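The structure is given below, and queries will be raised subsequently.
Just so it is clear, A, B and C label the chains in written order, and each chain counts residues from 1 on its own.
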Amino acid sequence: MSEKSFDRRTLLVSAGLSTMAGISAAASGKSTGWVERLLKRRFVELSDARREEILTELEEACRVKYGRDDITVADTPALDGVEFAYGLDLSRCVGCRRCVYSCVHENNQSRDPQIQWIRVLEMKKDHGIDFAESNVYYDPDEVPEPDSFYVPVACQQCRQPACTKVCPVKATWQEPDGIVVIDSDWCLGCRCCMSACPYGARHFNWTEPRIATEEINPDTHIFGNRLRPNGVVEKCTFCIHRTRKGRYPACVEICPVGARKFGNLLDEAGEMRYLMREKRVFVLKEELNTRPRFYYFYAT
Amino acid sequence: MERPTGSDLVNSDQEKLLPGSSSLAILLIVFLSISMLILFSIVRGGVGHVAEGDGGRQAFGPAEISGVEFDGELLPGIEEATTGPDQGEFLVPPPPWSESGYFPCTECHADLDLNPEPRVLEEMHDDIELNHGPSDRWCLDCHNPDDRDVLRLINGRLITFDESYLLCGQCHGTIFRDWRQGIHGRRQGYWNGGKSYLLCAHCHDPHAPAFHAITPLPPPVRPQFLARTAQEEAQEAPHE
Amino acid sequence: MIKDITSFTTGSARIAFKGGPTFYAWIGFLGIVCLWGLAAWWNQFQHGLITTNMRDQVSWAFYIGNFTFLVGVAAAAVMLVIPAYIYNWKPIKEIAIFGELLAVSAIVMSMLFVFVDVGRPDRVWQLMPIIGTPNLPSSLLGWDVMVLNGYLVLNLIIVVHLLYTGFHKRPYNRKFVVPLLLFSIPAAVGIHTVTAFVYAGTAARPFWNSAILAPRFLASAFCSGPAILLILFQILQRTTHIKIKDEAIWKIAELMAYAMFLNLFLFGAEIFREYYSNTHHLIHTQYLYSGVHGHDALVPYAWASLICSVAAFLLFLIPATRTHLVTLNLGCVLIFAGVYIEKGMALVIPGMTPDTLGEFYEYVPTLNEVRIGAGIFAIGFLVFTLLCKMAIPILRDPDSGKAA
């Protein structure tokens, strides 16, 4: 009887110790290989070496899946002294939707089923801003229609995001440069964030995203336009793969009427500070206290 | 313990299965049947009330859009303007018509006599529609009568077509200030480095500057039509 | 010790699976529905949630509606515990265990509904502490997972202890069980309050973002959950030798009537606020009760739910109808239906219709969703049936009955 209990005790103790060892090794971030792979931490909690490994693994997986070997996945960090902000000139937007399709072209959204990160709302001039009366499916021969104005809406990268606090697994958070990002390898797909977002800015991969190989943008960021899996949430990330290298987002560059403005809010000489000083900016649904970084204004 | 008498409980025979609880059984069966009926009658694909002509019945992607260049090339030199010795330089494409064969204008106008009479042109440039501001506006209000290769400001200063914004800015001062800061007009390139901008004339035809309406790109697909292809596939092969 | 556990396990399994033809027919039926639902779930697992009719515009629907309702049913098990143990009211004490069994089944069902709703079921382990990264304290769903699992464990401990001691014909340990039972009262209030907070904290959805949502949840839970038990008790009265007094049933129905009054009062308060203040937020309530711009798919269900609730309230309030078998059971069915709609689709869908950008997408569940829902309900009923089957012989024994 005592022999049996000794065996049982040793078994339990050794099992417990090895489990603890494994967990602590993983938690400390050292690349212990199989243990980390088994326990799968969030990307941001991993060691630099392990992160490099994962990026390479992702690139290899894309190679296999899409048949392209030029796809790169980067994890470019936020630039120092940078806080992004966006300006949208409502007196200029004509509702042409080139921003919508340019965004899709740039950020590898699923084509079938269709996902679009920017939604352009057509509103009536004699009614003003009123979401309940807006129409996103307008399809006239020509825009702008004389009695309408257009309000494009995408992720507002709020300073007090309603979405990040409700995520049950910390799969989404705000980066130091203001961009709210999603870790697609950690997202559960519970859609709490979609419920919490007041701007309808988050979109879900209801099935395996489908995109033609030749349409893929190979220059990707792990928290931005990387090719997403089934069952996770995605949204605008201010073209994180471009803006962290200093480039304008795709929507800013394609807008034919120059209605979109982007820049570093901390740069006093920059476009964003100028426009906030000279034009009267406002934000959508300000009563919700989300404090967006996306400012609407009328230049004239 | 006995059950209280006087209640309307029916059969006291405890051995039979659900005796006298036929009312209970019937109620449950009726409830379940109605629920099933309701559920199955409302379960459907649900295309909703979408009129025939309304947009959003079909999903389009950028590949199906013609006439829009999504992979626009940056002007050569912008990369260098970000990091090289030309850092901070702003670049601009050549002014319109400068490479169309019209320019330099003096090739014709050097030999022509000057007719300063405001009129509708008939022999040449009759394809230009002039509709810019007051009705008595005419060509030589902006074009230099003595040398057509340059423009003339109100104070007599001559400027090249590369600086045509100075001319526009004389009347459109507020827009000019915004444009200088990048708030008006389209820019491409680096928010923290080299950029390209456009001249007023690149977007606004100086002779008839009113913006023309353009054809919008297709609306998004409505949620009830989102799954057309995906769902058909799911139904065809449900147990793969 | 081990021998006791093994005999308990095999013995209760034997009790659970042995029965008359009706029992086997019932189990068989549930098994078939279960398999039917499982096949549908497999289809969903392979293709993703596109097999549902949820879209970006209405991203929570049938599954989450059912989840919310079932958490309420689980919380309502405490309805029986409060009078039994606080007021030492004997007629209910002997049958309070069935409330615990219902709680276990309902929690299992509600967790299954969450499981089928997430886009990545292979990642649900991330919700667990230590091995995962639960976003506490800020994520309400994170809290919900914690308290639901805790409540399940709590109820399982109580149930297993009572069944185990009853099986071995030993008196149960009062000092162990009673504190746990007393703790289950605030725990039940807790689970449903946390679930309510998942909705009430969402500023983006004005239909939900209301302070009285949590009290409404509790009131509607307390009035609907015991309905299942009332029906069960009548079946037990007639098919087994368990002595369930009619007074117990009537008392429960009376308490349900008061809870329904509270529910209707809070509902009235919401209606007043919406229609009198007449802000933009009214559009959600209007969509539910009268339709907006021709979108009126939910209107008949909303009114049906209201009529069922009021009718049930009256049936339970009036002593004559409360004590009459037919009207009592009619009331149970009505209250269950009314609150099922009210806490299910009539809560989730109007919160998301129109969506945050004013778009109306009229959601109706697909056959696949309904199949999965039916399968989960079948699992829940199966668990409940088997647990009750184990509990009945223990309770009908006069010795162990005395210990309770």
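Methods note: a contact is a pair of C-beta atoms (placed from the backbone, for glycine too) under 8 Å apart; a residue touches a chain by one contact, two chains touch by 3 or more.
Note that this is a predicted model, so its numbers are computed, not measured.
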item	value
Chain pair, A-B or B-C, that carries the greater number of C-beta contacts	A-B
Chain whose average C-alpha position is farthest from chain A's own	C
Identity of the most central chain, Cα criterion	A
Whole-Å gap between the CA centroids of chain A and chain C	36
Inter-chain centre distance, chain A versus chain B - centres from mean C-alpha coordinates, in Å	21
Mean-CA-position distance for chain C and chain B (Å)	48
Shared-contact residues (touching 2 or more other chains) in chain C	47, 50, 55-57
Per-residue multi-chain contacts in chain B, two or more chains	222, 226-227, 230, 234
Sequence positions of chain A contacting 2 or more other chains	113, 119, 136, 206-207
Residue ranges of chain B touching chain A (in the complex, touch as defined)	54-56, 59-63, 65, 68, 70-72, 82, 174-175, 178, 181-193, 203, 211, 213-222, 226-227, 229-230, 234
Parts of chain B lying in touch with chain C, wherever the complex brings them together	1, 3-4, 7-10, 14, 16-21, 23-24, 27-28, 31, 35, 39-40, 42-46, 48-49, 222-224, 226-227, 230-231, 233-234, 238-240
Residues of chain A touching chain C in the complex	23, 39, 42, 113, 119, 121, 130-134, 136, 153, 162, 165-170, 186-192, 194-200, 202-208, 230-233, 288-289
Chain B contact footprint on chain C (complex, rising order)	20, 22, 39, 42-43, 46-47, 50-51, 53, 55-58, 231, 234-235, 237-239, 241, 243, 245-247, 294-295, 297, 323-326, 329-330, 333, 337, 361-367, 370
Of chain A, residues touching chain B in the complex	79, 82, 87, 89, 94-98, 100-102, 104-106, 111-114, 116, 119, 136-144, 206-207, 210, 212, 215, 243, 246-248, 250, 252-258, 261-264, 267, 270-271, 274-275, 278-279, 299-300
